[in-house]
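Note that chain A is present in both complexes that follow, paired respectively with chain B and with chain C.
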Partner chain A sequence: MSSPRNWRGMPQRYRLEAAKCKKCGKVLFPPRLVCPECHGREFEPTHIGNTGKVETFTVIRVAPSGFTDQAPYAVAIVNVGDGVRILCQVADVEPEELAIGMPVKLEFRKVQSDGESGVISYGYKAVPVF
Partner chain B sequence: MGRGQIDRVGIVGYGAYIPRNRIKVEEIAKVWGADAPSYKKGLMLQEKSVPGPDQDTITMAVEAARYALKRAGVGGQKVGAVYVGSESHPYAVKPSGTTVAEAIGAVPDCHCADFEFACKAGSEGMFVAMGLVKSGEIEYGLGIGADTSQGAPGDALEYSASAGAAAFLFGDKQEQIIAECHFTHSYMTDTPDFWRREYQFYPRHASRFTGEPAYFKHSLGCSQALMKKAGMKPKDFAHVVFHQPNGKFPMNVGLMQGFTREQIVTGWLSPTLGNTYSGASPIGLTAILDVAKPGEWIMMVSYGSGAGSDGFVWKVTERINAVRDLAPRTRAQLDSNRKKYLDYGTYAKFRGKIKKLAH
Partner chain C sequence: MRDVAVIGIGMNKWGEVWEKSISDLIAESALLALDDAGLDKVDAMYIGCMSSGLFTDQEHLGSIGPDYAGICPTPGTRVESACASGGAAIRSGFLHVASGASDIVMVVGVEKMTDVDGAKATFALATAADQEYEVFHGVTFPGLYAMMANHHMNKYCTTRDQLAQVAVKNHKNGKLNPLAQFQMDVTLDQVKNAVMVSDPLTILDCSPITDGAAAVILCPADKAKSISKKRVVKVKGSGHASDTIQLAQRKDLSYLKSTEIAAKKALEMAGRKIGDINFAEVHDCFTIAEIMVVEALGAVEVGKGGPATMDGVTAVDGKFPVNASGGLKSKGHPVGATGVAQIVELVKQIRGTAEKGRQVKNANIGLAQNMGGSGASSVVHILEGE
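Showing the complex of A and B:
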């Protein structure tokens, strides 16, 4: 990931910043310019929750470049409340432990790195809560 | 311009982060044909923490900092300084602290710096953050010690070099302080007992020279000067925590000064945590704060090769009881039933010890 692209996503990936539509109340993560629900264009800043439940998941066993060292790893859709579902990796879990409905929290992790000398991209990953 | 006369400063929030992975001394010794029982007995080490492939000094520092803010009930925007001490900053050029500050929402009106002084970089950050609060320059300051240290394969350090982080938020509002700082002392000389040159992957050390003229001289020198300054003796403290390069050194440096084993064990984590370098004595302090009672006195003395020690005398306040369970306790993380034991091959892969084809 290029450094500018990495930088643009920091408010969402580092601090889970979202936008709440002033017209219909829908929470958008990441924020958008136009609300897909009511086409409203005014938002107030908010944050999504840092806990949630796994809605569905898959296990990646043949990983793309940059992720091969982590295989097998899980990618899940996590419901964090307020109607928001996010797609993220699940860390600190064995594939056979994963289950729909598993409670998770979002932790700050390395997501990818632009080779050995490029910028490191940080963000959130889900980890199980036991 | 300062904020006027400061009465007393101290810790208003603290947090620790220990990764889930572990490797046992036996697993490392098996690979190198070493005698595990003698390492376990000689260094008083059983196992150590290992960072996952997606964890580094920054990720652990962020988690520890978030726990500290949560316990303090303070928002990131009020943090006027973020200092991260480590010898394993992910970048040679680019601060770790900016990422931590961004993640906790302390940007942009914030002073930030990375510290480096082998294993006492964390206590340096604490020292400076607290000093800025005391001077009245900032309202809250964050001092963090975090490391994902490397020991060369087969070297004695490989049995101890581990991963973890501790963060402390300092403030001067009396009703928020959980541990008042009453005295500090720093003690240092130019003693090259352990080092890592530019572009080198692994550190080197001077074997037994790291002991008496380095660790013991500075830890003892700082402790003695600090207790003299405070007019206190070992029996006055409920708990004491020293730097923990292995299990043996911190226990011995305490016992030889007249501290009892009971005063040492609460913050003595290295037998099952390993040496978290800049995080070592700070994480030990978090384990003490997890159980300390109001009115108890705590002495913390760090040590960093090169060499020097920072010492602090803390007095625990009533507020500790209200905040300690707002974030995960340190021993709970250390003794978690979610620990995952790695074989040496997986450990070597996670720690980047295997030379791979360049793409």
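Showing the complex of A and C:
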């Protein structure tokens, strides 16, 4: 993770900033230059919700470089409403507790330890709501 | 557009080929294809490769290819579309010949993956996903397909056994393919009880890390007979489509829309329906992938890919034989080479020269489906014997 890349992603990873298409109302996370639904190019700033439901999940047991110290860890695709799904890790959960439909909330967590670049990356992770 | 034929095929033995470099792999398959066609030069060359930079620190395959094949100053172009690089290179070569720009075009696919360790290879492969919104969170390719598998199992009641049966079937075929990396049988229990990579996928649900290359030579169909005495095999259809790079942004998390669209385009060009296809080579990078692909192709009803596999529909002697080569599962998956090797296999089958036990009966019309990432790009070709 290079410093510019880490910095560039902060509005989304730290603050869940998104864009709403002024033409069709689609919420884009992350924001884009053009709406893939209606090709609109004007947006208003918005945020995605910080709660949602697990639509699918897995437990990563063989991790890529940069994550080998964390394995095993859970990853899920979470529906946060407004037609937006995001992929993120699920923290504070045992693998056998994971289930499709499970309610979660997004919390601010450390995602990657400092690797070769020395950058520690933070962002959102889902945690179960019991 | 002119009709295009395949007049030469070449593929080396795949596996952990530590004694050979990426240049050796390219040259070896290129020379096999030239020998098969009875040629010693071509007008242009395409090289499908996903990530020679990350796997071997080597880029500029547009020079490496022609140089080590001994055919400089023939122009070389590298084509990249992740694991669909080979299929995309075939399409580039096909369009090149069809357009009339050149007559004889070679397409090589290659990947040299075992010069790096497992974690680096996993990282290199993960670059086919969205760096900022998928890879950032530590997801891997087995992880993405595992999430598709869980979604498919939840939505259609696809079972763990049905997933495993894809591996059992493909290894049974690959056992008979002398070029395959893993010429061995696996059982349902072995697949299910193997080391877990990303739940529910075990290591035997995953295609392996492989070194390998494959090559084909294309020419205008009306010149094929004057160059080669072998059965003329035409490229009748070519289709290509994309989808969102992020799995999370697809409308359906376990449906391969890009494959459906690429297949429709290829079938339309060929003037065929899916029911006309005698056999297929598809992108079984994971067991769940083959199930989703046969559904997206329209060969079976959506949601029925698992039961169809269990019932033998996709076996060599089934109604819709899939991956008689052993597929990516058993034959190996040197990512950039896979799409080209699929075409090599279709030609072998249509020529009737596949090994006994895995030769499909009446194999005259074959389909190859190659995809990149979690289905974010798909390429489909249809080949037909004359």
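One rule holds for everything that comes next: the second predicted complex is superposed on the first by the 127 of 130 C-alpha atoms of A that agree within 3 Å, B and C clash if a C-alpha of one lies under 4 Å from a C-alpha of the other, contacts with A are read in each partner's own complex, and residues count from 1 in each chain.
In the analysis below, contacts are C-beta pairs under 8 Å (C-beta built on N, C-alpha and C of every residue); 3 or more make two chains touch, one makes a residue touch a chain.
Since we're looking at a predicted model, the values are computed, not measured.
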Contacts of A:30 with chain B and chain C, given as first, second, both or neither:
second
Kindly classify A:75 by the partners it touches after superposition: chain B alone (first), chain C alone (second), both, or neither?
second
Between chain B and chain C, whom does A:111 touch in the aligned arrangement: first, second, both, or neither?
both
Counting only touches as set out at the top, which of chain B and chain C does A:65 meet: first, second, both, neither?
both
Please indicate which partner A:92 is in contact with in the superposed arrangement: first for chain B, second for chain C, both, or neither.
first
Between chain B (first) and chain C (second), which, if any, makes contact with A:52: first, second, both or neither?
neither
Can you list the residues of chain A that meet both chain B and chain C?
65, 70, 89, 111
What residues on chain A touch chain C, complex-wise?
1, 5, 9, 13, 30, 36, 55-68, 70, 73, 75-77, 85-89, 95, 100, 111-112, 121, 123
Quick check: in the complex, which residue numbers of chain A touch chain B?
10, 14-15, 65, 69-70, 89, 91-92, 107-111, 115-116, 120, 122, 125, 128, 130
Of chain C, residues touching chain A in the complex
118-120, 122-123, 126, 131-140, 142-143, 146-148, 150-151, 154, 195-201, 244, 246-249, 253
So in the complex, the part of chain B that touches chain A is made up of which residues?
20, 52-56, 58-59, 62-63, 66, 90-91, 99, 102-103, 105, 337-338, 340, 349, 358-359
